[in-house]
Structure formats: C-alpha cells, structure tokens
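Pasting a structure below so you can have a look.
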Amino acid sequence: MISFLAILIDGLIYSSWLFIIAAGLTLIYGVMKILNIAHGSLYALGAYTAASLSGLWLSMGFAPIGSFVIMLLSAILVGIILGPIIERGLLRFMYGRDEIVLVLVTYALFLILEDVIKLIWGVNPYYLYQPYALLGSFEILGLTYPNYNFLLLGSAVFTGLSLTWFLQKTQQGKILIAVIHDSEIAAAQGINVEKFYLITFTLGATLAALGGVLTAPMISVQPGIGAETIVLAFAVVVVGGLGSLPGAALAALVIGLVRAGTVHIIPELDLFSVYLVMATVLIFRPKGLFSSQEERKI
Amino acid sequence: MTAVLRTKNLLKNFGAVKAADNLNITLESDTTVGLIGSNGAGKTTFLNMVTGYLTPDHGTIYFENENITGKSPRDITRRGVYRSFQIPQVFNTMTVKENLEISVSIGMNQPNYTKHIDETVNNESSIIKNSLQKFKLEEYQEKVASQLPEGTRKLLDISMALVMKPKLLLLDEPTSGVSAEEKFNIMDMVMNAVRSEKIAVLFVEHDMEIIKRYTDRTLAFFNGRVIADGLTNEVLNQENVIENILGSSI
Amino acid sequence: MKRLVNTFVLITMILIFCPKCLSEEPPLRIGFVSFLSGPASSDYGIPARNAAMAIVSSLNAGAAPNPHNMRGFSGRQIELVFIDEAGGTTKQVTEFNQLVLRHKVDFVIGYLSSANCLAIAPAAERLKVLTILMDCGSAQVFEENNYKYVFRTRSHATMDAIAGAKYLLKIFPEIENFSGINPNYAYGQESWRDWNAVMKVLAPKVESQSSHMTKLGTGHFNSEISSLLTKKSQLIHSSLWGGDLKAFLIQAKARGLFKSTRLLLVAGEPNLQKLSGFIPDGTIVGARGMSSGMLDNQSDLNMWLKSIFKKETGETASYPVYSVANAILGLKKAYEKARLSKLQKAVPMADVAGVQEGMKEAYSPPNTQQIIESFENLSYETPNGKVSMIQGNGHQAVHGTSYGVTRTLEGKVNIENILFFPAKEVQPPGNTKSLDWIRNRLPTRNP
Amino acid sequence: MDRTLAFISIGAVTLILSGYAMPQWAVFLTTVSLCYGTVVLGMILLVRTGLVSFGHGLYFCLGAYAAGTLKPFFGLSELVFMLIAAILVTTITSFALGFLLRKYRDIFFAMLSLAFSMILYGLLSKSTELGSTDGFNVTAETAFGIALSELEYGRYLIFVITVGTSWLCCTLLHLYLLSNKGKLAEAIRDNELRVEYLGASVNNIIHINYVISAVLAGLGGALMSISIGHIDPEMSYWTTSGEFVFITIMSGSSSVIAPFLGAAVFTSIRSFAYEYSPDTWQLLLGVTMLVIIVFLPEGLWSLFSKIKKKGSP
C-alpha cells in the first residue's frame, strides 16, 4: 500500500519535471520541425542562471521567499535572450533543410553551449538548495515530501493548461496551430510564419530554462546536467507523438510512473525502463501515442 | 471479349461518407472506359481499391477471374494492373531517363536483381527509347523530374506505367492541371500508345471533351454509386448525369 | 640523511662530469589526461589538472621539500600536455596513441575512469610507454593482467569496502540491516558487490535489504528515497559521487531519510567541504586512501602540496590533488633512483677499459626500461604518507586508508573518530585476487 | 573498368604500401578512420534509401562484442573468426529487427533505432560478466593462423587486414548500388508509392539494405575492437550513433569513397581539437560542424564532384 502510493507520488513528481521540459521540445518540433538537442543546454543554462541570481539574492540577505520570483525571472531571462539569438542568429538560415540536418545543427549548438557554460561559470558546482526546504513538507503514511514538489507539479499543470489555453482560445494560438498543421499553406495565406518561429522558439527555450530552474534547488548545478536530460525529453516527446502537447503530457505520465514503479519493484531495470517504454509504444503506435495516422493523398 | 476486371458489391465507407456503395462493374479487354463524377463521388476510391491501396469494407474484386481483393498494390501491379496518378508520382531527384530505367529494371528483371543496372538498361534500351519517343520526352530525358512542367510530369507518370506492358491501365485525371492546348496532345499520345498494345483502359476525367473524344463507354459515379453505365454518348445525355454531374461542373 | 647524501652525490657527479647536462637535456614531456568536461570534471578532472600544473611548476623550480627537492626530475625540466579524458575508450586510445607517437611524450599520467584504465593499459604495453593510472578503482586492471609499462599509484577500490565494513562494525556493532544506493556502472556495481561480500564474511547475520542502482546524472532521487524510507534500513551504503551524491543528499535530507538511517559514503571525501550543509552528522566517510582532509598530517610534503594548490587555485586540496601528487612524485622518485643507480654503477667503471663509453652511458638519462626497473616495488614518501608499489608484481600501489564520521561545525565539515587501517589489514597480500581474499575471510599476510 | 572501383583499389594499395613508411600515429588514425568509414558506408546506404538511423551504435557494439566474446566464451582469438562472428551476429539481429523497423520512416525510424541501441547499452551495463560499463580488453592473437604477437609487423598486418576489409566492403557496396536492386534505394527515397506501383517491394529492399548496413556497422565495430583492444557498452550509447550520423551527413552520400574521406576528416578534426584545445574541444568541434553544414550542404564529397564537373564540362 505504502509503496503503491509512493510509486504514484514519485511518479507524478517525476512526470511533472519531464513534462515541463518535453512541452517546450514538442512545441518547437510541432511548429518548426526541429528536434532541438540544444534544449538540454538551455535547461542547464536555466539552472545556472537561477543558481547564480538566486544565490546572489539570498546572499544579499533579502527575503528567501523572493528567490522564487528570481527563479522565474531567470527562466524568462534565458528564454528571452537566448531564444531569439539562436533562432535569428542560426536556425533561420537552416529552414528547409532536412530534419536530420537540423538535428545535427542543434547538436553542434549543444556542444558549443556546453563549453560556453564552462567558460562562464567554470566547473565548480553551484547550489540553490534553500528553496527546496523553504516551503515546508507534508507527510503521508510515514513518507515525508517537501512541499516544493507541489510547486513542480503546479508548474507542470500550469504550463500544460496555459499552453492549451493559448493554442485553443487565442487568435495567435490558432494561427500557431495553422502553422503546426502546414506551414506552407499558412505562409501562403499571408501568415508571417517567421514571426511565429521566433515566438515558438523563445517560448520553448523559456520552458527548457524553466525546467532547469525548477530542478536547480534539488541538485548540484555543474557541467553535464543537460546531456542526460535531453535524451529523456526526447523519449517523452517521441512516445507522446512528435508535436503533440497532450501526447507529451500522457507520455511524461507513463514514463514517470513506469520509472517510479521499476525503482520500487525491480530496481535492476531502472537503467533502461524509459527505452523499453519507448520501444514498446513505438512498436504498437508507430508514431507515438497521440498522432493521427494520415493517409497519403494520391 | 473477356472481362479483365470484375467487381462484386464493393463497399467502402469513410466514417459517414459512402465512397463506394455496392459497386458492380465489369471491364472488358481492349476497351477504353471513362469514369466521371463530381468531387467526392468515389472515383479515386474505386481506383485505389482496384489497385490495392485501399481495402474494400465489403465485396470482391476479380482480375482475369482471380480474386485480388485485399492484395497489395505490388501484387496487383505484378499481375498487370498499372496506374497513373492525379498528382504525378515520379522519382523527383532523377532524370526522365532514369525514371524510365528504374521502371524497366523493376518490370523486366524481377528475378535478376543483382544484375548491373547498365546491363539491364542496355538490354531494354529499345523500350526506353520507344517510350521517350512515343511521349515526346526525348528533349527532357536528361532533365531532373522535379523541374519538368506539369504536363510533362503527367506524361512521365503515364509512360512509367506503360513501360511495363499492362493488361489494364488506370489513369487518374490524366489532364488535370494541364493547359487546354496541351491536353489533347497528351491524350493523343497516350491513346496511340495504348491502342497499339491492345490494353484495357479506365480513366477518371472531369473534362467532358476528353471523355467524348476518347472513350467508347462511360461510367458515372454519384455518392459512391454507379448512376449510369453505357455508351458514352448515351450516358452523357442521361438526365440524372446532367443534373448531378455535368450540371455542377459547368 | 641517506637521501640527502644520495641527492648530493647525484648533483655533484652530474655537475663535475657533465656540467652542461642539466641545462642541455631537453625537458621531459608528460601527457596528462583527466576529465576536463562532463560530470566528472568538476570534482575530479579539473582539480587534478590544476594540481598537476601547480606540482610541476613547483618541482621545476626545485621548491618541493625533501626528499623531492631536486629540480624537475633529477634536474630535467618537465612539460605537461593536457588531454580531456571524456568521450569514451575509442577516443581515449586514439588520443593516447597521438600523445605518444606524435607528441612524443615520455610518460603518460592520468585516468579516473576504470573503463579508460582497462583500455589504455594494453595500448601502453603496445607502445612501450611508461603510463601511470592515477585514480581508477577497478581491481581488474592488475589482478587479471600482467603489465610491464603500466603502474597504478593508488590502491584499488576493494580496500574501501573492507576498511568501511571494519570501521562500521567497530563503531556500530549492533547493526542488523543495510541497503544500498550506488551508481549504475561498473564502479558502483563492484563497490556494492565487494561491500556485500565483506559484510557476509565479517557480519554474516546482517541483512542486505535492497539495492538501488541509479543512472549517472539522474538528478531525481524521489523514487529511490521513498523506497529507502519504506525499507527503514539502519544503514545506507553508497558509492555515489560528484553531482549525483550532492543531489541525493539534498533531496534525502529534505525528506528526513537520515533521521533514522545512517549513511556510509565510500567516495565521500573528494567533495566533503562542498557537502557542508546537507551531509548529516554521523555519516561514515571513507578517504579512498589517506587524503589530508582526514588525517591531520603535518608533514612538510603535505604543507607544501596544500600551499601550492591554494596558491594556484585558491581552493583546499582534495582527493584528486593527492592522487596527482602520488603519481608525479612516484615517477620522479623512480626516475631519480634510476639515474642514481646508473651513476653509482659508473664510478667503479672509471678504472676499466672503455671509460669513455661507460661514462657516456652512465650520464645519459635513464631509459624507460631502467625507470621501470626502479619503479617496481618502490616505496616513496607522498604528502599523505608512504606508498609502496608491491602488488601486481610491483606495479600496484598499496597504502592504508582511514575512515571517520562527520560532524559539521560552523559550516565546516569535520571528521571525528578517525581510524587508520594499515595496508595489510585492508589489502590482499602479494598477488592474491581481492575477491578471493575477501571470500577466504581476509587472512592477514604471513611473515 | 569503373572509375570509382579503380580509385578504391588504387587507394587501398597505396594505403597498404605507404602504411609501411607512415609514422605510427598516422597509421593508427587511418585505421580508426577506416573502421568509422566502414560503419558510415552502411549509413549512406540507408541515407540513399531515405533513412537515417540514430541507433547504428547497436550494430557497431554488437559486432565488437561478438568479436570480443569469442575468447572468453569459446576460447577463440583468430581475427578471421572474430570478423565472421560479427557478421553472423549482426546479420541475425538486424534480420529480426528489420521486420519491425522496415515499417518506420523519418524521425520514427531514427528514434526506434535509438531506443534499441539504448536497450543494448542498458543490458550490457548490467552484465557484470562482460565487465559492465568498464567493458573488457580484446586481442586478436592470430590472423589466418599467423600469431600476431610474435610478429614484428603484427600491427601492420592488422592494418593491412583493416584496409583489405574496408576495400572489400567498399567495392561490394559500390557494385550493389549499381545493381537493379541497389538503384531502387534512391527510388524508394524519392517515391515509395511509385516503387510499389511498379511492382517492387519497398519493405523487402529496406529490409535488405538495413541488414547490409548493420553488417557493415558490425564489421566496423569488430575491426575497431581489434585495433583499439578494448570494448565497452559506450559503443552502443546514443552519442556514438550521433557521431556516425554526423560523419554521414558530413561526407555526403553520393559516392562510396565519401564515408572514408569524411571519417578521416572527422577523426583528424577531433584529434586536433582534443590536443590543441583540451578545455574547449567541444566548442571547436561544434563550430566545425556548423561550418561544414552551412558551407558544404552536400557534404565534403561535393568538393570533389564540383572539381570533377569543372574539369569535364
């Protein structure tokens, strides 16, 4: 009973984290058809920025609770500065190239950013553990969880809902869906597709950074944290169906719960449980959980 | 005359839309049949079912008295049913000549895959030359397919289907997207090639001038059903055809 | 005193017979390989690189204390060529080849990853270049092979498990059960396997409850912590290190895992001070050797190392710094011993025929062969005590280790109740395989 | 005589002859490049078929492990047997997986391949008998029955065998690409539907090409394990496959020589970056990648084909 509940809670927390990162990735893929490996670097940059800025805030003796605001600002800062730099400065010259080439471009970017991070922050770890314990904790059947996890869960739900609202209820969102559906037709109808690419990439980058920002208090921020994350996010996005937001949510949930389950029940399988899920889903749903099978028109 | 193609009670639904509703159609060898109908009448669906791209929900398709229902396009093609497409399906990065070479190499060398392609092409060079000539593609033969004008792409598409000596040829709107001046040219070339080979032809067409000029028999589809079938002149003058199909297209 | 005389003899003889030798001999080139990128760079690779630079520049200036006070290696200056250890064994073997064949380095020092050590060793044999593995823990390297050109100046990881278990049973004899959380790769798996083997021998009644193997770089330990919380084991054995260890501690502390459970960290020391704030008091930590962080070692050598490292980086010397010192000083000692013994042989030869050739040979720098001969079974002083190369046919270092428990005072992590385990208590004698030794109930060396 | 075939053969003979005089480090780099090149040779066959695998590390690793485990499991360390083992294991595995993968295209093919290679990585990392993540050392003690360790030119013989195997793979693949079936690869990339409607089986051809590319990757892995002397599960990690994809895109797929050129350039750049900027080699490699992608969209080989076109208008 305890372990069933624990699997559920642990799985949910892990899923929330996965979803925040995967949401940005799947959005970028949906609109721009770019599977962005540099998403991992943006995640790391978010974590570093939050650790530095919030660390500064705390060391100056301001109210600790304010560090949450700083954290949010860090994510936006990374997204707003780097999103446009990367999209305008590099990616826009690549549109129209093969999807695989675009993956390689972002891989190159990932390599570059890894070293850039090292040049800016060095290799010594940064910590931001204060916010993790700041919100107190709750106990359930003898298991203690910091309330910070609610923040993670809340952020994931908020991200999911607000993106859905944006896509379905706002004018801009509807246009974006048109672009997702067929960017050529959208362009032919006079939609400024490039503007939407910029908006999407910035939004996606902000979400990646947010993922890093929210993780920073739980880890030691140091080189290499982006590399592992990006493969996981890939798995979520692919399992969910590339470009599908609800798909990413479901996939994050499935992968999160499966991972929590394996850790509790058969810890030996932890190393590849994610990939087993990925292979299994792809075998039975070749294009992921949420994707419409399109007949080709001939 | 023997029946090349026979369908029995073909049914196909897409959700609530009936794309094929109890189709019983027989095609004889050595005839040219037109298939008309408004958009969504089920013409392409019929072609797709016959060639195996779609499986009917119900009913059977016989080709030369063999049940071919549910077989793959490849199996059906190998039996001698070839088709062209509304949107030309050619190999875009290859030249016209290479497109034909590939067609020949598949068609003529089923058992001999490991042979060097040049050898195959040399052996069958007369076929390729012939096709290029018949469809006036010689001047384009070194051009890459993606850079051809639409009419030429259509021709290439059809010529690829014809290279293989089909028994039944299905053409899906051979003149759509082609200028008015070009369309008779194209059809003349196609029909000349077909007639010399004694092939049964079924083509889907919106252009009644083409139908009148090139077909003996016409089938009219409406909402997935055959509403008229007979000599072209008679069908085109049938009241329900004028009302449901011709009226809307004028 | 004897050392001082030797050094004096060596310098005077070189100066008398070959006055230009010291200045004219080209510098020795050492390829230095450590993680400069990736997760292991921050706690291991970069401090190691910085330590190598600090130590070499101090040695080149002749500023090290006795017995390492000679400039460079017996007067010859040292140059370092740095390579990143990241990227997998294929790359490492390729780069190793480049270092030796193209950059013509005389020696190679480095390697933290056991996979790299295993892969590099045969390559070193093939290229006949003296290579010192400075840090990797796998016992496999010398227990299953017989290398001529490869040395390891750190003891292998089996010692950590043995000393840890002995320490645990001494301070916590009533222990009934334990669980483990270890990184899911060879080092973590071996660490857990050795630990279980040792516990089975030393305390067969203690129950091994559950084992978690976490992927490197996981970051999220909620599931593992929940599982450990439900198990309520008295002790958690862990060989996590670096970022993973810190993430685990942050998350476990916030969830009160350590209220009822004691922690034993096999590889806790490398970043002990960086763990201030979340490492629970009473955590049992191993030193993976005898780093000064644990032993209050006031020797000149230790003071020297601490001060030059502080000067270079502004930081306190940690585990990898001592690994580098072990490697470089060992090589220096072997080189100088080889040179000295050549010169000593040369003195009686002065009388006999072929004087010229004999002298020339005697004053020429020792070749790899001669250095290897003097390195084998060498005992030498390091900042953390004496190291003896007596295992693996004289190629594998043996030294003692210590364990202690932590107590954080005013933001500084202190270690109390330190117990030192001499080599013979925690290391198999001679060429016995470590797992066999454990299974045979750790017989001590026969005199 | 085909010009490409002549070039490949002259190249192989030149390598073998000059290998005797080349400095050892160059011989080593060449060996590594040839191993990578053989893997990428298989990748370009897939690219021609319109598929990119992000999991070819699977076969690279399987080939290496098949070769490496002959000694511990069967007591064999004959180089020829090692290569045969690699061919057998990769053929069987890819034939089985091919039934599944041949239905996938684009990014889904890439991702499912990735998942499989990561599962192998996980399995190997768990198997302590095979050294877990540390892997184990591999030595070919004999080649064609000749004891390699006793020969002074043992290493050179391995080099010659590597060149020979690459030459054979290259030649055979070139001939295959020119055959009726090989030509269909490009047809499939262009328009699968048309291929089916001409009467050829797209699935079969993809399956065959997949097996061929897997065997080439396996051979590359086996040869690599012999030259490097060590194998570990990292060979199946996604970054290894990523490198193959990079070399493939960098080389261009228009010639069977391109992969070897690409692999040589890649190994040299990486080696250069490692040595001259050990702290920022990733940055250097990333920038180089971008430069190549931007300025040579058709791959390195386009440099040569352009020159050729200029030379013979």
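We just call them A, B, C and D in the order they show up, numbering each chain from 1.
The rule is short, and it goes like this: contacts are C-beta pairs under 8 Å (C-beta built on N, C-alpha and C of every residue); 3 or more make two chains touch, one makes a residue touch a chain.
All of these numbers come straight from a predicted model, not from anything done at the bench.
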If you check the contacts of chain A and chain C, which chains show up for both? D
Taking mean CA positions as centres, which chain lies farthest from chain A? B
Centre-most chain by CA centroid is D
More Cb-Cb contact pairs, comparing B-D against A-D, go to A-D
Chain A and chain B, separation of their C-alpha mean positions in angstrom: 49
On a C-alpha centroid basis, what's the spacing between chain B and chain D, in Å? 43
On a C-alpha centroid basis, what's the spacing between chain A and chain D, in Å? 33
What whole-Å value do you get for the distance between chain B and chain C if each is reduced to the mean of its CA atoms? 77
Interface hub residues of chain D, defined as touching at least two other chains: 125-126, 193, 279, 281-282
Chain A: positions in contact with at least two other chains: 114-115, 118, 268, 271, 298
For chain B, residues that touch 2 or more chains besides their own: 89
Contact residues on chain B for chain D in the complex? 51, 72-74, 77-78, 82-83, 89-94, 101-103, 105-107, 109-110, 112-118, 120, 160-161, 164
What part of chain C is in contact with chain D in the complex they form? 36-37, 81-84, 87-91, 93-95, 97-103, 114-115, 118-119, 121-123, 126, 138, 140, 145, 184-187, 189-190, 193
Please give the residue numbers of chain D that touch chain A in the complex, ascending. 52, 100, 103-104, 106-108, 110-112, 114-116, 118-119, 121-123, 125-126, 193, 238, 242, 245-246, 249, 279-283, 285-287, 289-290, 293-294, 297
Can you name the residues of chain C that touch chain A in the complex? 37-39, 41-43, 45-46, 184, 210-220, 222-224, 226-227, 229-230, 242-243, 246-247, 250-251, 254-256, 271, 274, 277-278
For the chain D and chain B complex, residues of the former touching the latter: 175-176, 178-184, 186-187, 189-191, 193-201
